[in-house]
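A, B, C and D are the chain letters, set down in written order, and residue numbers restart from 1 in every chain.
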């Protein structure tokens, strides 16, 4: 019989995302609410191996809900890929009398958690924190909504100068395997075209479409490109192709980069993170493990970690249609 | 047999909300996509009575997706409450060969639409545009997400000064009959207490709770109050009661007011408005009427206008629990 | 002969303003640069009396340049008004081997500093930190530029809803004795009228002017009112007078309140604070006292503290003219 | 004898900058105030050659003070470099009975204006609108303050992720010949190092300085690089050099690009633009020509256009010192 959980550890792992602090705060306060101890682990799995721990209470997370980044820092850990590293990690947890682990991160972090659970039968719950929204089993990941607002805000600024100069802008946004940011921010920003990994538009169709919209009287245009779009070309190559074939436009490229990971989280992400942190602690108190907290149809649910990692979070086809209709 | 719809009118009515322009743009572009005409009506039902119309095409809504307010303006119309006014309105629609009406607004506006439909059998579709999120049949109304971010952003600023001075702030937000903004923005802003119309906390329990949090070491606190909270007192009376009974704090009041209605819409609201506009036009083309477009479990659905107006959009009880746990 | 200064204390006092943290950071890093010690005093003069001190080095002020509020907190101190309190304060400074004091605040705080210097011959340098810009001897105070952006951003939002509804908004901003915020933010926000303490427009002239602009075709208007404007009436009384006499408009009132003190400082305020902190430390190292750092014609200067407190920072008459011309 | 000016034209030319609309508004309203006509010219000198004119009055510039970009659009004109093009331009002005020209732009635009004035003795006044602040004769150009806030806001976001991951970020900002943006935004963002065209730090000194700060305990760092910095290398080459020699850091590069030109102008830029527009019209009414409006020591002044174009706007050496002290 598993013993009752009275001390929980929480960490952030992998790429950071806005709202991770709100999630840490929620885990810590939920522990306080249920009168169990909470320990913060610095720098993800690497800090777990190095026993870089800090005891946390409700006051330790005062005034962090609005802060970007993560107060527990994040890191990638090569050592955790080795059995030896994971054994150290386990011993550290046992030595500190920690009974369960909450991992806030993306699928790489969850994979680590599953392996760890399998080897040591140690309770692990995942909370999806990544701007890419590419995790199966949840409608939204923490940080995605904020990243959308950041992208839309930047494209609004770019459009100011684009429409002052009759320019065609290519804006690259994050999303190596997933077009969520490109598609939603592209619609939100009123982009004329959106290129995503899930759909192969083809450069000729892109050119055709831009030519048509130019003829229809559009004097400036924005094309949003996900890092890993299906054309197999990067944003500079795409831009060059179009510039050569559509000389009426001055073409410019903008790479949004890491700013997409930062900034004060949106209210949506703060509330989502708060709900997920509570659910994670309650799952552990219920004796559950190897699950990820998901938000499905606006309810907090538990998803198998393995499913969350293996399955693909598919784009809603309806949204692709909306994008076509809006750029009529 | 109803004749095929080839000219649609769109208006904004009642209190404005961020994203109304994105909804107008979507209706106009959907009409263009389906190759039917679109007419904009200025100033809601009043403009309908005065035949204050403008022909719109895809280019008329260029560069408005990011603008707050409504380019079609809004108004309340006493004349439309009279049969005579509505007859004028109907005659204007017929005279301009308009076959259907899309009304972007709240329940007052939808009630007007239903009456009009009943009297003249004129096709009407509603799109929920209000910051209050108080409409039954949709998880989200257009403008609500933006208003949450505006409120959270302001409370973040107030918290700077509150925590510099050990102060207790009462912040009044919109929501005469509905605690959606107060509850979600309160959680997002990390408020210590949230007072909403749906739940009667009682002043004594509020005092008790603030005293406890003061003793637990909190040096500053934020209380978010919905306009119409259940205590029956306004925010100044509540603040005075607490100040008298908790002299350790300097108490301050802040009324957020109309700024909550303005600002550039969030990406969430822009995408929501884009989806709803398409759905509204497609419902009309399918021969439907007397419906409101809703977003339920992230799908666009059609709700009976009568239901949307009559039923109450209830707060999710889980969110109330989250609020309690977070202010532990 | 005064001994060489090797340990400096820094505090924030009075109402907080954005950029105070940047000023603290600059004082601390300037001390590190000149290889002298730096001590932070919590809660202004009250913390001085209670010896609420913390040793600070270059790392203690890491990542605070962008934070609103003040990490040293601020307070008003009744005890410091008494000789006994000031003696305790002096003894605490001597006991901690502190040789000089940098006070970041407004004229109340500077008056305290002058009295203290007179009584104990203790070196004091002031840095003007207040959103009101009402300090003589400096073109800009720290926090003023940020407050202007905050006000303009809010009025931009209010204008969205004002122009959607043909409304007349009265917006009250801070400035009990000084119209700097109202005048500059009013021009920046495109306000139709601006009421400031320095100039008595008179309600009749206000009414006349609003009537004229209404007739000229303006469908919505914003009037910015400083808290202490010369009409002798508060913003609600002014609004009522206009509403009675100009029934064509729906009149609304908005009180901006304490949010004006918060928020991440603008680049202007961060650079200003950085420059002022350096100058303050260099003045002390030069053996100077009883001075305030000012920014005059974009150079850092030293002003007599007594002058800074006694004299009035006058509004530039040219700016009043600009306001008239812009609302033509 | 020059005839009295009763019709003025205004254009925006060259790269756009936030606040250009506020400047247009001010020129138009100043004309209305002085009861003279105002004509807007689209797309700078190209629109002048094509007689792309629009008559403007006080209402035409309603609600544009807060908009980025330029409602008159901007362009570069090859035709205006030819005598023939300029003759067409002159004839168009005469045909429309326009007596003077206000050019809002940078030094390229002013050079065009000077040539035009020399050839046709046509009154020309310049208003400095560029984000680079690289114009001699004015402390500030319109758009510079806004660009600083945009850059600082983005670096604040990047710092969130940098400090979550112990990363070293190189951020490239605009400024081909001028370090104003890099230096001031670098200080405002708390950058550890700032590379500008005016000063050759040298890669070895940069490496040395970053190594020292790493040893002193800094776990993340931001280096701001102006496009045209003196190292002669671009930001990627610099980053590679450092990465090779300082392997303790993960190095990342971010190019801010065109977003720096967009966005709603800051209050500072709106007020500056309003003052400059008034001054420009008043100079013309006084019979002046070939001048640029400057803001010197917070007063509006007139500078010889030739000087403005030929001389270099030098960085304030004190600010360089501040930057060194702040990164101690």
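One rule holds for everything that comes next: a residue touches a chain if its C-beta (ideal position, glycine included) is under 8 Å from a C-beta of that chain, and two chains touch if they have at least 3 such contacts.
Protein names from UniProt, one per chain: A, B, C, D = ATP-dependent 6-phosphofructokinase.
Values in this document were obtained by computation on a predicted structure and should not be read as measured data.
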Report back the single chain whose CA centre is most distant from the CA centre of chain C. A
List the centre-to-centre spacing of chain A and chain D in whole Å, with centres computed as mean CA coordinates. 36
Per the C-alpha centroid definition, the whole-Å distance linking chain B and chain D comes out as 39
Taking each chain's mean CA coordinate, chain A and chain B are separated, in whole Å, by 28
Mind pulling the residue numbers of chain B that touch at least two other chains? 156, 159, 163
Line, ring, star, complete or other: which describes how these chains touch one another? ring
Hey, which chains are touching each other here? A-B, A-D, B-C, C-D
Touching residues of chain D toward chain C in the complex: what are they? 25-26, 29-30, 32-33, 58-59, 62-63, 65-66, 139, 145, 148-149, 151-153, 156, 159, 163, 184-185, 187-190, 216-218, 264, 266-268, 270-271, 274-275, 278, 297-300, 316, 318-319, 321-322, 324-326, 328
Please give the residue numbers of chain A that touch chain D in the complex, ascending. 12, 15-16, 18, 20, 67-70, 73-75, 150, 154, 156-166, 169, 252-255, 257-259, 261-263
